[in-house]
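Both complexes shown next keep chain A, but they swap its partner, so chain B is in the first and chain C is in the second.
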Partner chain A sequence: MSNFSIEVSGTVAKVTLVDKIDTTNAPALAEELKKLIGQNLERVVFMANDLKYISSAGLRAIVFAKQKIGQNVQVYLIGAAKEIHNVFKMTGFDSFVKIQDTYED
Partner chain B sequence: MDRIDGFPTDTFEGFQLRMGKPLPFGTTLVPGGVNFSIFSSNATSCELALFNKRETKPFVIIPIPEKFRIGNVWSMIVFNLDIEEIEYAYRMDGPFSPEEGHRFNKDVFLMDPYAKAIGGRDVWGAEPNREDPYPHRARILLDDFDWEGDRPLELPMEDLVIYEMHVRGFSKHESAGIEAPGTFAGIREKIPYLKDLGVNCLELMPIFEFDEWENSKISPVTGEQLFNYWGYSQVGFFAPKAGLAATGQFGMQADELKTTIRDLHRNGMEVMLDVVFNHTAEGNENGPYISFRGLDNKTYYILTPEGYYYNFSGCGNTLNCNNPVVRNMILDCLRYWVAEYHIDGFRFDLASILGRDQNGAPMSNPPLLESLAFDPILGKCKLVAEAWDAGGLYQVGSFPAYNRWAEWNGKYRDDVRRFLKGDDGYTGALKCRIEGSPDLYQWEGRGSKASINFITCHDGFTLRDMFSYNGKHNESNGENNNDGGNDNHSWNCGWEGDCDDAGVKFMRKQMSKNALAILLASRGVPMILGGDEIGNTQFGSNNAYCQDNDVSWIDWSLMDEYADLHRFFKHLIAFRRNHCVLRHSGFFQHQDYMGSGYPDISWHGTKLWEPDFSGRSVAFLLDGKHALEGSEPDNSVFCAINMHWEMHGFELPPLGDGLRWHIAVNTGVASPEDIWEAGQEPVMDNQGEVLVGARSIIIAIAK
Partner chain C sequence: MEKIELPAIEENFETLMNFLEERVDQSGLNAENLMLLKIAFEEIIINVIHYAYGEGGGPICVLVDFLEDPKRLFIEVRDHGISFNPLERADPDIHVPAEERNIGGLGIFMTKKIMDSVTYRREDGMNILTMIEGITEE
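Here is the complex of A and B:
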């Protein structure tokens, strides 16, 4: 089973991340995110409630979402565990990601 | 397009391999794999060991085929590695013959000197696995980063106000009140504080990977664990210390540090690194094998004819900095930090060692110092030497500079301290230091910008302690108080150590303000020790190198008791930044070349034009029309300094053009009248004379 799934509805892409995102699956995630380019999205929402670990490569896949899908896209990170939240904050990756506990469509 | 050399040619135990590229050294990500490249001029064979993270046994040891060697470099591409989950080491075979300089041991795992990330000490102070045969573990780094347009700031040298700090000590104390205490992220959290203070350059004590457990022991006095806290002993030169990053345990120290630097730049602050190339953490012949000793001992270290280690550093060994290979490594390292981390400058610890030849003799034209001075990538970055070493070479004023190098001016520190405490006969020396030390730096066009002026730094007393202790108190270091300097030139203001007497406490603050007033009124580049602005104390320790505790962590709760001192620092830093007459890269000419009626600088005593350089009181006038050699008129500034224990009246220089003297600073009175914000300076009642209290300084501006 894949550690991520992407669901697009209208201008919102919801990306559900499960277990861990690291070098073994981050390139595939980046590949899938690439397919969202040109779909006029307004939001990319990473659902991280069941994410246990994200590595440096995983973080980079999320940066990639912001850089490649479009500067006007708002990136969300939802329900991340405190450790993951902290990694985003301490490394400054939170500057372009809205980090929230919950997300309502 | 796929490369035609992007496929494996060889296999070993299922690992796919190909001959690598010898340059760059270290690891480089290539399509589908990792290029490993390592140098040794005396090894007979080389193996690459790959480990799963934190495991003590490698999952494979790949002999690098002889056919992959070019010259003295082994390089190999290994395909399909999970780069975030592995660590790598080398093993080198070769002669063990110390008398010839060789100490090869084919059984030990050796860290890549070019490792960009190093595991093993991921969390500061976590008990290490002492059975690990590979304690400092080279990792492969994803070193991409979105700088969002940032680059080094290139502020003019003479405009800097440097703030020296230990990354951990700066914010580790619980009073720092932040989320990531003691880390790079902690500095980032405190950017608003630093910006408000007004400093524009942070000088970070060593942040390259070091082992805080090196020479660790329990204090016989306090029973506390003592660490290699300062970190002047590097394990690797290319990796930020993971234990100084909040995210070090996740391997994200590079991202964290880069983000911190980017945000400091955004707020107008440069970042200078204190770098230690004079020796390594491997110590002498009794020290551990970490890297260099087993890779190519004879290349990397200066050895005696018998094969022992020269000890010009006082730390067991001496890096062979003027060997061409070592020289290139240092250049590669500094270029890497400037290009990949946007570092603005470097302060070189015991830099005189960098000018010794391969036998240890000082050179007149040291190739390393010249290479650094003329390097293209380092072309705009600041180079600052601690211009002495532990082998007796003292080069303050004579460090080979190539018009590029500045120096920590140790004579500034000593002369100003002695003048401040009232030693007889230091007023002439004070004049010279205030003028930017022309005796030291007026040669070869170096300018006053070559002088890093400081009164306190990490090495020695804090400012508060300088006026609280006559003698050092290093007992808790466990060396019977024999460590640390004895030439502190400090004065306890009448009571040794902490004291409740209001008069003594007031005098200590007043003396601290005097020190800062002289520092910020001097030509050259001022450097402040972080924490001095809030009266931080090390409880009399002048050598806190091993104290990872309240002794060396800045106690931010002092912000209340020392609010007035903090306010004084903040406004005086602003005063220097507002008045360019105080800042210039060159020297005074002692002439009136602007036709203003006064020379650029003039010296006075209690009577105008009659300075007494044998006394304890002196005054100087900086003529505003001569500011920046006449290119940017500023207010004239008059500074009357009285370190005598009695009050004196100083005549004020007459002003034309309807100008009047306004008081900006008076260290002899209580806050808030000790310093006035820009624009708020009150006009002085008596325009002919000013009374300067005992041990006080007055700064007036004409407007």
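Here is the complex of A and C:
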């Protein structure tokens, strides 16, 4: 089973992350995110309710989403546990990722 | 002190992670510190797997121990590859806008932030990276 799934609806891509995003599966995630380039997306929403672990490999995939998918894409991180939230703070990712408990379409 | 030594290849990544997990999961570290510790360890072993050796390959050795007074976890990662001190790499600027983010160096930066101490030495033709993390009794 894959640790992520991507669902695009209109200008929003919802990326559900489950369990671990690490060096073994982050390259595949980045590959899938690449397919979102040129789709005129406005938001990439990472659903992290069931995410328990993310290493720098996973963070690289997320910064890739911000840098490559579109000029004005807003990246969200939704429902992340405190320790995941802290990883985003530690690396300064909270400066460009909107971190929220819930997401309303 | 417990030790594992394996060829430094991606196929052994999970085995190395499991070796650490099995030893630290009951160590008294809380869930957040456990996750951070695993991140730091992943960054170090993946560095060795990706960069220590050329085509010939070589081993990675991991040592785990618990030290007393004060209680702390000791992790050492050794390889026989080219001399390389990952701690010398400049920290990424985490305050620049996302568009200008250089995504290299983030893993080592996190490792340094997470662990109480990270030190490197070159000894007997080995790169030896030592990480120490204090364990506070809850």
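Simple rule for what comes next: the second predicted complex is superposed on the first by the 105 of 105 C-alpha atoms of A that agree within 3 Å, B and C clash if a C-alpha of one lies under 4 Å from a C-alpha of the other, contacts with A are read in each partner's own complex, and residues count from 1 in each chain.
Definition applied: a contact is a pair of C-beta atoms (placed from the backbone, for glycine too) under 8 Å apart; a residue touches a chain by one contact, two chains touch by 3 or more.
Everything numeric in this text was worked out from a predicted model, so none of it was measured.
A.B. asks: After the overlay on chain A, what do you see for chain B versus chain C, clash or fit?
C.D. replies: Result for chain B and chain C: clash.
A.B. asks: Now for A:63: first (chain B), second (chain C), both, or neither, which partner does it touch?
C.D. replies: In the superposition, A:63 contacts both chain B and chain C.
A.B. asks: I'd like to know which partner A:23 touches here: chain B for first, chain C for second, both or neither.
C.D. replies: After superposing on A, A:23 lies in contact with both chain B and chain C.
A.B. asks: Which partner reaches more residues of chain A, chain B or chain C?
C.D. replies: For chain A, the partner with the higher number of touched residues is C.
A.B. asks: Look at A:55 in the shared chain and tell me whether it touches chain B only, chain C only, both, or neither; answer first, second, both or neither.
C.D. replies: both
A.B. asks: First (chain B), second (chain C), both or neither: which does A:87 touch?
C.D. replies: both
A.B. asks: Pick out the stretch of chain B that clashes with chain C after the overlay, from 134-142, 152-160 or 530-538.
C.D. replies: So the stretch of chain B colliding with chain C after superposition is 134-142.
A.B. asks: Which residues of chain A are in contact with chain B in one complex and with chain C in the other?
C.D. replies: On chain A, the overlap between the chain B and chain C contacts is residues 22-24, 55-57, 59-60, 63, 67, 86-87, 90-92.
A.B. asks: Note which residues of chain A are touching chain B in the complex, please.
C.D. replies: It is residues 22-24, 55-57, 59-60, 63, 67, 86-87, 89-93 of chain A that touch chain B.
A.B. asks: Could you please specify the touching residues of chain A with respect to chain C in the complex?
C.D. replies: Going by the criterion above, the answer is residues 22-24, 52-57, 59-60, 63-64, 66-67, 75, 82-83, 86-87, 90-92, 95-96.
A.B. asks: Give the list of chain C residues in touch with chain A in this complex.
C.D. replies: 10, 13-14, 31-32, 35-36, 38-39, 42-43, 46, 94-95, 97-99, 101, 103, 106-107, 109-110, 113-114
A.B. asks: In the complex formed with chain A, which residues of chain B make contact?
C.D. replies: Going by the criterion above, the answer is residues 82-85, 142, 144, 146, 179-180, 183, 185, 188, 245-247, 250-252, 255-256, 259-260, 262-263.
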